[in-house]
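Look for chain A in each of the two complexes below; its partner is chain B in the first and chain C in the second.
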Partner chain A sequence: MSCASSIGVVARTARARRLVRLGRLSVWRQILGWAGAWWFAFTLALGQAIVPLLGLVVWMRVLPSASVIGPYYLAVMAVALLTGSFENHTFAQSIYSGDVADELLRPQPVAIGPLGENLAIRVWMVLLGLPLVIGVAVSTRVTYDWRGVLLAVPALMIAALLRFLFTWTFAMAAFWTERVHAAVGFVTLLITLLGGSAAPLSLMPPLLRDVANLLPFRAMLGLPAEIAAGTVAGGNILTGYAAAVGWTAVFGVAATAAWRAGVRRYTSVGG
Partner chain B sequence: MKMLRLFAVAFSLSLRQTFAYRLNFAFDALLALATVTSFVATIALVFTQTGSLAGWSGAQMLVLLGTYAFMTGLRATFVDPNVGAFADHVRTGRLDPSLLQPAPSVVLATCSTHAPLGLVQSALGLGVVGLGLQQIHLVPTLLGGVGWLVLTVLGVLIGWATSVLLACLAFWAPKLSLGVLYDAVWTFGRYPVDVYTRPLRLLLTYLFPMAAVTTWPARTLIDGLDPARTALGLGITVVFVCAAVAVWHAGVRRYTGATS
Partner chain C sequence: MTYRVPVRPAGLAAAARSLIHRRYRDVHAVQDASFEIPAGSIVGFLGRNGAGKTTTMKILSGLLHPTSGSVDVLGHVPWRRHNDYLRRIALIRGSQPLGGAPELTVLDSFRYQQVLYDIGEDDFDRNLGELAELLDLDGLLQRQVRALSLGERMRAGLALSLLYRPAVLFLDEPTIGLDVTATATVRRFIAAYSQQTGATVLLTSHYMADVESLCPRLILIDDGRIRYDGSRDRLTATLAPTKLVRVSIPGLHSELAEFGDIVERDGDTCVLRVGRAEVATTTGRLLNRFDVADLSVQEPPLESIMDQAFRAMHADGSATPAPAGESR
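Here is the complex of A and B:
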């Protein structure tokens, strides 16, 4: 019994190592693939940064004496670059074109492909968007407390995972409809409006703020920025983390369910 | 006249293609409604903290946002469907038919495909303009209304010309696609140019004239016709349209295709 259990542990460890290696290879392959379209990644980075940049400009005009606006919106810009997800273009397109059939035949989880591409695009966006972030930081003379930044790092990692799972789940609407862009476009509007990009949650009317705190959008964008800028503290950080972890679990289950349901009805011809 | 007839035929064809898939209409109408609602909600959030943004009241901002939504819908209907796949057409040689037919190639290649569902956003934008005017208790003067109409037409031409200028880069760098960049810069039109710092304001007036696309039409509707502003808008439009046509012809001269 003990021998069988040991064998099971060894097999699971070997499988995990293999998955990590495959994931690393997938990310590296996609980084190299996107190197030929770095200018496009640059435009994607600008596209991600523009709404927080507008928020920064507008809210600094509205509240010129509020010292947290600069740090908050700069952090939102960085979070947007680090968590941007485009599965409605990449993965949904592979469903429409039939390319996802190739992935189904490979002896590895299908999620490795979209996850690898997602991380590779983020690497390029951060590299190419960094000068913009630095430029804005210098021009607005923004400073941060390093403890807030360290506290925000786990929230940022959760936001990155949650945003991927969220977008991937909605991108799988491509199994049922050709209007996946409309579906993802709609939820992206909600992220902008209720996630902390249109306005910091602390400046929203109380009722709207309560609703926004209950929904997953703040965990994808505003929460890491709020922690880094120091606009949220103590128990509210813990509540924010609890909501972020909960929503990540929910969308993990939703993505798995959508994949299983979608792949059952998926058909393709040719090759 | 011939160009207008050609344009009308192309639009009619696109309309029939669009309504072959009626469910798409529901999807796009809902998305347009959500988009315009999110614009208004964003401004409403800003005005919970202030009574004026760079000299614009909340109701005046609604007029500007409505104009922005109106122009964005027109751009989505008449401009984006053509320039979106332009680089791909240059790369694959699918531009050849536009060059061989008996009509100006720039018109055929950049004005012959339409996405009529974008007009839903334009209609909603007009509604928001009306809402803003109602809140200011303002009935625009005849000259103000005509000025708004003229400036919006000029705005569409500027949108077309800037899109064509960026798309024409594909003649020199066929893999270059700047649609996302264009969308990002267009977003600056959601706010009056008075909000931005002076260098950015100058850029948005002369280099990528979003001021002429949204701020000036909205200002004209609110304050009445300003001949100097309209003349400047006309001048900028002429420069951009001429530049787009010139760059198009320069690009076509270096284009080669071997259609199979």
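Here is the complex of A and C:
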């Protein structure tokens, strides 16, 4: 290895270390920041948990003999708490208030800010929603096969990333319009309806199920829960993973394109 | 810098039509603005509301991409926002002096800034120590941002922005809303910082006292065009060719009118307007002729000079404000 390339590797490593440190600090700062609004985080956690909880109650009544309903909906509840994204409130607000201008002038990728806040809110939601999850688990006497849970972990991580990219992409509409909440509210409804929260995809009519399998919403919510609960197996898990990775790549590209176009607009017409 | 803004007549029908056929108008926020600022200068960038000051500041700092033209700050094109550039500048807005989560302490924000700008531990300690002393921050470092007053936020915000020793400061209304003490502290600090570090400062402010105490050079902008670029003294001399002589003489002296125009009379004190060239001889004559108890020579307030300049510029769009008394 030549001296120049060694220096390049060292510089890249140093940059990567700095980014990791900034990311860690960003999450930590946001966790502290949200400590003053824990009650709001609690309402967010309730908002994420309430639909799976209703689904659990309703579907256990409808299908009392289906033993997978409990594990499935408990997993959906946990996935919802771990992947909830609110960039329509947080990042869009920074565009409306002009705070994004300060971020643009900092020598760091702007994504560190929204990503840090996203993870911090999730930490708070998990902390505040955990008693509810434990309560439901105890009362429904739900059990899991550890192999299914392990298989679901990568799907959960992909879901967390995908939902962030998805919500962030739509939140960036705030560069063009002040009505971003309506747009994100609509797509969040689609996640609830077609992601496996209102009803497990396996219980949907065949046509709707086929459509839902093609869309990104299942990968954000239902897929990790299905794998953990054991309602999907074999090739279907692989197909689900392929779709999840594909949609994550799509929304990674979409978020990058929306960011570039949004910043181009913001730096052309001002805040 | 040209913005394209949608326009339509008032009324429901026009609103409905605009859904299908939108019409736009070009707004020239800044045009033909050209100036150079040598390193180490403190320059006042002044204009009325909407004149183009903040737009220019945003272009220079890298927040806005101009429609045409070129800008060079520290050898960088600002709107490319290279990290090397961003590490050497600071845009400080008086309206938003200190961002970040309000639950964090001021010291938390400083520590984050340390990582963000790669400041070594020794430099951090030294810079923070100096800033804390100059801006009286010792009592603030452990406090949460949300508990700070506006003046405290401004002091902390200034220190935060200067922790990494930026070479160029863009100060947008840095003393807005501050009380007398905080304003004086900020002014003293800006002057000291520029002197100590050789930093270049571009300052916008509606407080002429800021400008008077900090900026020997002024750039005036109106309707997006630079109308004046030169020394404050020259502008003052051009627009106000007179000075005010305040003299206190026991007893009423009607012959004071011989010495200049009487602007104000209050008991034994009289304010005379005297041509700049005659100030020395007039004060000498006053002292020789009368038993003078007190005498002072004052410049006309900068507020009134700037008001005069802005009115003149707006009236005829001239690049140079007309001297007072000249017909425009």
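What we mean here is this: the second predicted complex is superposed on the first by the 265 of 271 C-alpha atoms of A that agree within 3 Å, B and C clash if a C-alpha of one lies under 4 Å from a C-alpha of the other, contacts with A are read in each partner's own complex, and residues count from 1 in each chain.
Note that in this section contacts are C-beta pairs under 8 Å (C-beta built on N, C-alpha and C of every residue); 3 or more make two chains touch, one makes a residue touch a chain.
Since this is a predicted model, take the numbers as computed values, not measurements.
In the superposition on chain A, contact is made by A:L105 with chain C only, not with chain B.
Here chain B and chain C are compared by how many residues of chain A each touches, and B touches more.
Residue contacts after overlaying the shared chain place A:R179 against chain B, while chain C stays out of touching range.
After overlaying the two complexes on the shared chain, residue contacts for A:I50 are found with chain B alone; chain C is out of touch.
Of the two partner chains, neither chain B nor chain C is touched by A:I7.
Look at A:G33: by the touch rule set out above, it reaches chain C but stays clear of chain B. In the superposition on chain A, contact is made by A:P205 with chain B only, not with chain C. Touch criterion not met for A:V153: it reaches neither chain B nor chain C. In the overlay built on the shared chain, the residue A:R61 is in contact with chain B alone; chain C does not reach it.
Annotation: chain A residues 36 touch chain B in one complex and chain C in the other. By the touch criterion given at the top, residues 3-4, 55, 58, 61-65, 67, 79, 81, 83, 86-87, 89, 91, 96, 99-104, 108, 111-112, 115-118, 146 of chain C touch chain A in their complex. On the chain B side of its complex with chain A, the touching residues are 23-24, 27-28, 30-31, 34-35, 38, 41-42, 45-46, 48-50, 53-54, 175-181, 183-185, 187-188, 190-191, 195-196.
Interface residues of chain A, counted against chain B in their complex, comprise 36-37, 39-40, 43-44, 46-47, 50-51, 54, 57-59, 61-63, 177-179, 182-183, 185-186, 189, 192-193, 198-199, 203-205, 208. Considering their complex, residues 18, 21-22, 25, 29-30, 32-36, 98-99, 101-102, 104-108, 264, 267-271 of chain A touch chain C.
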